[in-house]
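The following block contains the structure, expressed as structure tokens.
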Amino acid sequence: MSTDFGDLLETFDNPYAGRNYTIEHTCPEFTSVCPKTGQPDFGTLVFTYVPNELCIELKSLKMYLQRYRNEGIFYEHITNRIMDDFVNAVKPRWANLESRWTPRGGLSSVIVVEYPDSEDE
Amino acid sequence: MSTDFGDLLETFDNPYAGRNYTIEHTCPEFTSVCPKTGQPDFGTLVFTYVPNELCIELKSLKMYLQRYRNEGIFYEHITNRIMDDFVNAVKPRWANLESRWTPRGGLSSVIVVEYPDSEDE
Amino acid sequence: MSTDFGDLLETFDNPYAGRNYTIEHTCPEFTSVCPKTGQPDFGTLVFTYVPNELCIELKSLKMYLQRYRNEGIFYEHITNRIMDDFVNAVKPRWANLESRWTPRGGLSSVIVVEYPDSEDE
Amino acid sequence: MSTDFGDLLETFDNPYAGRNYTIEHTCPEFTSVCPKTGQPDFGTLVFTYVPNELCIELKSLKMYLQRYRNEGIFYEHITNRIMDDFVNAVKPRWANLESRWTPRGGLSSVIVVEYPDSEDE
Amino acid sequence: MSTDFGDLLETFDNPYAGRNYTIEHTCPEFTSVCPKTGQPDFGTLVFTYVPNELCIELKSLKMYLQRYRNEGIFYEHITNRIMDDFVNAVKPRWANLESRWTPRGGLSSVIVVEYPDSEDE
Amino acid sequence: MSTDFGDLLETFDNPYAGRNYTIEHTCPEFTSVCPKTGQPDFGTLVFTYVPNELCIELKSLKMYLQRYRNEGIFYEHITNRIMDDFVNAVKPRWANLESRWTPRGGLSSVIVVEYPDSEDE
Amino acid sequence: MSTDFGDLLETFDNPYAGRNYTIEHTCPEFTSVCPKTGQPDFGTLVFTYVPNELCIELKSLKMYLQRYRNEGIFYEHITNRIMDDFVNAVKPRWANLESRWTPRGGLSSVIVVEYPDSEDE
Amino acid sequence: MSTDFGDLLETFDNPYAGRNYTIEHTCPEFTSVCPKTGQPDFGTLVFTYVPNELCIELKSLKMYLQRYRNEGIFYEHITNRIMDDFVNAVKPRWANLESRWTPRGGLSSVIVVEYPDSEDE
Amino acid sequence: MSTDFGDLLETFDNPYAGRNYTIEHTCPEFTSVCPKTGQPDFGTLVFTYVPNELCIELKSLKMYLQRYRNEGIFYEHITNRIMDDFVNAVKPRWANLESRWTPRGGLSSVIVVEYPDSEDE
Amino acid sequence: MSTDFGDLLETFDNPYAGRNYTIEHTCPEFTSVCPKTGQPDFGTLVFTYVPNELCIELKSLKMYLQRYRNEGIFYEHITNRIMDDFVNAVKPRWANLESRWTPRGGLSSVIVVEYPDSEDE
């Protein structure tokens, strides 16, 4: 996967910067392509974060996620990459991304990434 | 948004002041207007608080929330502003406001504000 | 509200006194009257406690709760008062009372009281 | 209620006219005002119809329904009136409108109108 | 049970008389008293009807149902009696009343009365 | 199984005899014993009937059903036998008995008997 | 698939032969093998029938169904074949077999066979 | 939309041709593109049919449905078109296609097409 | 209650002794008799434990629980007694027993006992 | 049980090694055989882990689990053995395996194993 979609993400100024509060956005309509089989994957993405100076602009988040529609990428890779793009754009105090995937071969999967990583602390 | 609705909120004396106990009020019929698109937004507000000397009077809370019906205001802004008005009127020991919004563009959102903010401690 | 129902509550000796264990009784059929509007209120009461020397006798608890059927009393008041009567009769190590009320004016409420109060510790 | 919103409804040519098939649109975000109390009402509208030459255009249906936001009108009246506007615009072979309303005073309501009325047959 | 509550029921003119449509009102907060044990009964009443010239006025229905709060009356009797009062006041084309009762002695009950009775036809 | 429990069932005069209406009683706490394995069986019984001159008295129904607690009898047999006893006592216009059984060996079962049998018509 | 399992099915005399009543057995633990991919299939089978002279013996039904554990056979084929074996053994007045299969490649399937076939009538 | 995907659908011989039975396939992972907004649509397709000489081959059905992934086409059009392709390939005795679509602008939709159309009869 | 059932419980050697892992067994089909009213009680028992050298043998646990079928014993007593028998037989590192009882007089109950008791620590 | 299936498990390089994140795979289609009765067991396995250098390859996990199809092995044994094979192949930072089993003799079971065991710490 060659392209970088991260700069599609837009932000606006947090109207209550300086206060700790939590924002959660759920996207039940995510789809990408399995790079091994060429078959489409379908999942739900849940973003939860404590904003710092910036909040994610919802329409840009939607447009960003749609860009994965025809990309071939594995569950583990895609979740971490979207998290990196999100953190890079929003620079939150704390964030969590959970991706839940519909069954393939009888197995369903969930990937969860948290920021900052406890390794970094 | 010019008007200030905060003084619509009325209170009554906490009949068991001095004791820590929790009160939760859920309003599944909140509606305001998106300032960007002019389209109505619909959500559920959940207030949870530990009262100090005062309790919120339910009818005044209902009337206060109805005043947002034709106001144009973003999710992040509205949740924090209602929390400020609530805390200003009730002066609770602790409070939490959760707003859950119906899907827009395939994305649904939840905003959670807690008082006092851990920043303040 | 003039009458005192507390002495309707009966107890029996805890058959395993000296051991910490938890008892929960749920009453989904509680009703009283709103003192402001005269309209009936309907709710569910959940008692959870760790007994000391005594356990609450279930039939007496049922008879006690039925005495509120035609009493005019607010949510916040009733939950604390029932908790006081319960603690006075059973003298538990720990107790919690949660009252959940059906919607009024589009708003539903929950009140939670715990014993002992953290204030007292 | 003075204004007539019916001409807000737009249609497009049924791409499979001549075939009997069924279309259902559900709007869980309808709100109007009770003409008696001035309080907002909240409901879900479900349109089901068999198109003839025309199909309802979804965005115009949304805009039409939003026009009731500040109108004072009773459940029974509103459901029949919206059905009349819908039938007038779309001229379906068959149609059904169901409105489900959130509780008021402990009572929740559902109104169902079918077209053509069996009286007419 | 001596009193007659039926004249508490008020009606208003059906705004779409001459058209067959269906109205359903659900009251999940009904309570009366068992004449045998003196214990309170709790149930949900569902009225479904096709109006003729008249519709039931909701607030009067609520007040009417509250009058059973301290009346001692059996399930089978109460459901038929309320149906008679309803039909007498509203004179519907068709009506159905379903009462669903919470468990007593491990047994829960449902009573359903329809008007007109097929016997009458 | 030697004993006959049928005369435990008591009835009372139908207060609205001459009218067709439906009564349903659900008993989720039925238990008997499998005659083959000696293991207990657990099930839910649902009685639905249109009364004629008589209604079943609920407490006697409960006592009657408890008599099967230590009886060894198969699903198909028990459901038909209880139906025969019920019809014999109540003499309803119409009746239906559904017994739903918890899983045994990974298989769960439902038996449904209707009266009058279509064979008899 | 070479073997014939049908004679594993055992029956017992219907204790209420001559009466129309319905028996339903649900097996949520059926598994066979896809003849194309060699992968296991998992499904739920629901047998519903009106017995004539015979009822199916449950343990023999369980043993019969377990024999498909390592058989390679398609959904459409297996459902019809099991129905044929069942009808051959039990000779019911009426029967229905529904097989519901877990998702494969994002598609889940249900097969329903009824006896007697309307073609035969 | 220019291309014709219909010849992607493959069939196999109905192993029980001559018997009426029902097959249902559910695809909860359908996605296409709205031709008006360019935004992706997400839906669930449910095929139900009584086969004649042929059954649909599941893998080819999956591949066929995936071809709509980047096609711009309206709900009403797509459901009828897929039904035409399905009927053309499988030539069933009877078929039904239901498409259920996730909310857009607060409105969710369902389209149902049956074959043969009652018009044709 | 005179008899002691505890020696009905059998165990087998924990195949992974030395490792902390958790085993949970749920019995939704427990029944005993209320010593006050003589009426049957119905409940669900959930055993959760970390084994030490021994695991409970499931069939013996089933036989042990069935012995309470005709015993008269209160909720609080029975839960503690079964826990004592279980701990005595299995000698677990940690255990928890939760009994959930169906409604009696409108009140449902849950009893929870943990081993070792925090008092003992 | 003689064979060792552990080397069927394949892995791939963790694309974000060095970061703590969580992966969960759920297999609702696990089946083995009870060594005591010879009857099949059915369960759901949930693997949750924090990868180190390696991630489990899903297709190999599926093939590995299918190898237990005709193996006779107890719940407690199988869960620990699969955990050992998984940890041996993937060498995760942390892992948890939960197996949930369908009812046998009215009792359903859950086994939970965590790695590393707290004993080892």
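Note that the chains take the letters A, B, C, D, E, F, G, H, I and J in the order they are written out, and that residue 1 is the start of every chain.
What we mean here is this: contacts are C-beta pairs under 8 Å (C-beta built on N, C-alpha and C of every residue); 3 or more make two chains touch, one makes a residue touch a chain.
Model, not experiment: these values are computed from the prediction.
Undergrad: Rotating chain D so that its CA atoms sit on those of chain G: what angle is that, to a multiple of 5 degrees?
TA: Rotating chain D by 145 degrees superposes it on chain G.
Undergrad: Between D-E and F-I, which chain pair is linked by the larger number of C-beta contacts?
TA: Of D-E and F-I, more C-beta pairs in contact link D-E.
Undergrad: Based only on mean CA positions, could you tell me how far chain B sits from chain F in angstrom?
TA: A distance of 53 Å separates the two centres.
Undergrad: If you average the CA atoms of chain E and of chain H, how many Å lie between those two points?
TA: The mean C-alpha positions of chain E and chain H differ by 46 Å.
Undergrad: Counting in whole Å, what is the centre-to-centre distance of chain B and chain D, each centre being its mean C-alpha position?
TA: 32
Undergrad: By residue number and range, which residues of chain I touch two or more other chains?
TA: 28-29, 39, 42, 102, 105-106
Undergrad: Just spell out which pairs of chains touch, all of them.
TA: By the stated definition, chains touch in these pairs: A-B, A-G, A-H, A-J, B-C, B-D, B-H, C-D, C-E, C-I, D-E, D-H, E-F, E-I, F-G, F-I, F-J, G-H, G-J, I-J.
Undergrad: Which positions of chain H touch chain B when the two form their complex?
TA: Against chain B, the touching part of chain H is residues 39, 42, 102-103, 105-106.
Undergrad: Quick check on the complex: what are the chain J residues that touch chain A?
TA: Touch residues, chain J against chain A: 14-16, 18-29, 51, 55, 58-59, 61-62.
Undergrad: Okay, in this complex, where on chain C does chain E touch?
TA: Per the stated touch rule, the residues are 28-29, 31, 39-40, 42, 66, 69-70, 102.
Undergrad: Across the complex, what residues on chain G touch chain H?
TA: Touching chain H from chain G are residues 74, 76-77, 79-80, 104-114, 117-119.
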